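Here come two complexes built around subunit A, the first alongside subunit B, the second alongside subunit C.
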Partner chain A sequence: MNVLSVNRALTLLLLLALVAAPLFLGWMEVDFWLAVMTEILIWGLFASSANLLFGQVGLLSFGQALYFGFGMYGVAIGIDRFGLGLWPAMGLGVAASLGMAAVAGLVAVRLTWHYFAIITVVFSLIFYFLALRLKPITGGDDGLSFSAPPILDWGSLRLTLSDDATQYWFVLLIVVLAFALQARLRASALGRAFAAVREGERKASLLGIDVLRVRWIAFVIAGGLAGLAGALFALFGRYASATHMYYTVSGEAVVWTVLGGAGTLLGPAIGAALLILVREELSTVWEHYPLAVGALTIAVVVFAPRGIAGGWNLMLARVLGR
Partner chain B sequence: MNVLELEGVSRQFGGLRAVDGVTLSIGTGITALIGPNGAGKTTLFNLMSGLLPVSSGRIRFRGQDITGLPAHRRAKLGMARTLQIKQVFAGLTVLENTWIAARQRHRPLDPFRRASDDRATRAAAEAALETMGLEAMAGRQAGSLAYGDIALLEIAMALATQPALLLLDEPVCGMSPSETERTVARIRAVSATTDVVIVEHDMDVVFGLADRVVVLAEGRVLADGPPAVIAREPAVREAYLGEDEEAA
Partner chain C sequence: MQDVIILALNGLAWGLIIALIALGLSVIFGLLDVINVAHGDFFMVGTVLAWVAVDVTGSFAIALVLVPLFGLLLGAVTERVAIRPVLSTIVLTVVSTHGLGLMLQEGVRATFGATPRRLLAPVGGTVTLPGDLLYDTYRLVAAAAAALALLAFFAFQQRTRFGTWMRAVRHDRETAMTLGIPVERVQLLTFSIGAGLALLGGVIAAPITTVDFRAGIEILPTCFMAVIIGGLGNLPGTAAAAILLAVTEGVVSAVLDPSAARIVSLCLMCAVLFLRPHGLFAGARA
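What follows is the complex of A and B.
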């Protein structure tokens, strides 16, 4: 037995638990948790976008909310203005975020570390203020509301987001597919090129790796993942607004990633789940709950610098005696 | 045809001409580049491998003008280089290090196929490890290796790209005498199939290994010839070997 097989088994168990969750929560008569879990799935996917850049390629982005926002507005505008169905609207949202990332990436990937972080913030601030100003397109401060088209409408078979369990399973399906895609990416030659660029860009280029191109590809994929999360979030809230493009939203993705374990596949989602649960539980009884979040994050960074998932892997390796 | 040709290559840093009009043809076998500290050896290596752009002059590699090409394009054309401060992908396994190097010749950015299914690249990566005698360490994390083994791994990575020209920047620096001996033997074996340029301070290594010695001083070529001739050259003894005499 090794770390990988234990983690695989646990991931499978987690997947089964997630699939069965609506039934269990219904039986326990605590249905409101289903909405929280749906939100956790979406934010977990969003965090994985920051993790792809930071954990895999070594680029710390504080601007992923920009692509999240493009995904949101793509869906909202597609449905509200163009009368698109659910899937084409999602396609529009993801395409918009991919396109934006492709353009912003051309500039951003030439920079590293704090310069890279700053340029990503600058891009997202520009579009945040633009979104506030361009009221006819984005709804400005009010945002855009819409009613969600059905997921599936085949005669007698009609699935809609208005059923909480259906909505949850729909989000779960998309998020699981997005994580499966990332797992495959990690195992591919491109995934290894990501790792090479992270571990030493000069060495990578001396071996024939086009570092800027590899970074750009990662930047675009990460933008697409953030856009997909934004598209799901818009459908979940039937709403798009500029507030979710603000850089503090990007910062949350970074905190979730670092807390959960940068570079691991599921760490960012674990971090997102933990901090959203803390928020849900604590915010009702203590308005200064972010203090607890900050303390928790600092504790993890100090005592488990590889995050929860990284710490878990170390512990598991020790217990299994390698 | 000479594998690498430099024609009036210069590099200026502000007012300092670190490399000053170097014209040099690198042919077959092992060429050693020696000279006192600050002579411009590493800068010249950076110009050859494309880590630095030239200020003036032209560079041709296997007949092709590569003066304006970045490092990764030169690597793809068959030029490999190790660094003076040894650098490997510390967080990855030893085999993954040479795997990445070997993969760069065939669809290096394929996002779909599993890397573990690519048997040809794995075989090439393992062969490179064997050449440097590292096969027993394939599964270890590269960052956990001893310094000498990291230096050997760096050479193995360079070899895994199947280069036509191998630039080695102080390959035995920091190695124990027995490691040095092992490494010298391996470099000699590699030079049977690959042209090698080596920057080295250890004169026993240089004169034991090189077919030709080029002496740099203040960014210029001071002398160029077979090791036996260079060792007797008065200007070389004064500029470089003389340091040792004073010390002794």
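What follows is the complex of A and C.
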């Protein structure tokens, strides 16, 4: 037994538990948690886009909310203004975020570290203020509300988001596919090029890796993942608003990633799950729960600097003796 | 024309205050390699405590003295609890100061309340400037106070032993240590001074802005931009960049509304970052 096989088995168990969750929660009559879990899945996917950039390529982005916003508005505008169905609207949202990332990436990937961090913030702020101003397109402060078209409509077989369990399974399916794609990416030649660029730009370029191009590809993929999360979030809330494009939202993605374990596949989702669960548990009993969330955040980085997943892997390696 | 001059002056006053806050951010960043995302919240705590101090004692002077002192203390405690344990990794400092920022915001919301308030300027009225220009007295006082504090800080860095230590540790931590400089103490006091500068900025700014627990979130990006386009570790550059940013925004807002002015200044920032990625004044420093 090694760390990898234990983690694989656990991931499989987790997947089974996630698939069965609506049945279990329905039996326990705590359906309210289904919406919370859906939200965790979406934010976990969003955090994984920051993790792809930071954990894999070594670029710290504080601007992922921009692409999240493009995904969100893509869906809302597609459904509300163009009358698109659910899947074409999602495609529009993801395409918009990919396109935006492709353009912004041309500039951003030329910079590293602090300069990269600050230019991603600057980009996202520009579009945040634009989104607030362009009322005819984005709805400004009020945002855009819409009613979601059905997922599937084949005569007698009709699946809609209005059923909480269906909505959950739909989000789960997309999020699992997105994580599977990331797992494949890690194992691919491109994934190893990412790691090479992270470990040392000079060394990587001496190995014949086109560093700028590799960074750009990562930037675009990360933009697409954030856009997908934004598209799901818009469908989940039937709503798009500029508040979710502010730089603090991008910051959350970095925080979740680091708390969960930067560079690990599931770390970002674990971090998001931890903080959202704490929020949901505490907010009903204590109005000033963010005090506890802040303290917990500090405690985790002080006592588990590699994050939860990183700490887990270390512990597992020690227990298994390798 | 008069409007433009007044808005430019507003920008100058605000820019000097931002410069003060950004300077705190820059020394913390340059010396400790800490990205302090709670820095805006330090500023916010400064405005809130100024309001409270004036409310309790009725004197702005007391606020001006006590609040920055409290900032030194807050900075020292923060360094011990939330910074030193994670100093080895820069991204951990982002997360831990994010946690701190959450606690500061919520702490203020729980005690001071969520309603934004206004603090009356300690010196009211207007003065007549050359060219028959009527201008708020307090804004001029605030600009002068911020400029004075900036100069005092530069003098402290250049003229005192501790200031020399700070520069030495920033330049080369290992060598400084072998020369017997108490590096850990320098780090503690640097963070403390950085926080103190932010709270001082908060006190000076309190009468010309709204006192609100969200104010820190709003101001943080501007401070970081000043630090980056001023050139990392280039303190006069940081101050100059802060003033430049605020004056540009002030002048542009004479023609366009404030949020459009914000967009223009952000676009300008993109251009600077792209054309001079190591800061606007990188050439001048060498």
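A few remarks follow.
The rule we apply is simple: the second predicted complex is superposed on the first by the 322 of 322 C-alpha atoms of A that agree within 3 Å, B and C clash if a C-alpha of one lies under 4 Å from a C-alpha of the other, contacts with A are read in each partner's own complex, and residues count from 1 in each chain.
What we mean here is this: contacts are C-beta pairs under 8 Å (C-beta built on N, C-alpha and C of every residue); 3 or more make two chains touch, one makes a residue touch a chain.
It should be emphasised that the depicted structure is a prediction, and the values quoted were computed from it without experimental measurement.
Model built by superposing both complexes on subunit A: subunit B and subunit C fit together without a clash. Seen from the Cα centre of subunit A, subunit B and subunit C lie 80° apart once the structures are superposed, a value rounded to the nearest 10. Of the two partner chains placed around the shared chain by superposition, subunit B is the only one that A:S205 touches, whereas subunit C remains out of contact. In the superposed pair of complexes, A:L130 makes contact with subunit C only, with no contact to subunit B. By the touch criterion defined above, A:L275 lies against neither subunit B nor subunit C after alignment on the C-alpha atoms of chain A.
Shared-chain residue A:V94: touches no atom of subunit B or subunit C. Of the two partner chains, neither subunit B nor subunit C is touched by A:A229. In the superposition on chain A, contact of A:A196 is made with subunit B only, not with subunit C. Residue contacts after overlaying the shared chain place A:L86 against neither subunit B nor subunit C.
Set side by side, subunit B and subunit C differ in how many residues of subunit A they touch, and the one touching more is C. In the superposition on chain A, contact is made by A:L185 with subunit B only, not with subunit C. With chain A fitted onto itself, subunit B and subunit C come no nearer than 9 Å, counting C-alpha atoms only.
Listed in rising order, the residues of subunit A touching subunit B in the complex are 184-185, 187-193, 195-196, 198-200, 202-211, 213-214, 217. Per the touch definition, subunit A reaches subunit C in the complex via residues 54, 60, 107, 110-111, 114-115, 117-119, 121-123, 125-126, 129-130, 132-133, 247-248, 251, 254-255, 258-259, 262, 287-291, 293-298, 301-302, 305. Of all residues in subunit B, only 49, 51, 70-72, 75-76, 80-81, 83, 87-92, 96, 99-101, 103-105, 107-116, 118, 157-158, 161 touch subunit A in the complex they form.
On subunit C, the positions that touch subunit A within their shared complex are 35, 37, 81-82, 85-86, 88-89, 91-92, 94-96, 98-103, 105-107, 109-110, 217, 221, 224-225, 228, 232, 259-260, 262-263, 266-267, 269-270, 273-274, 277-278.
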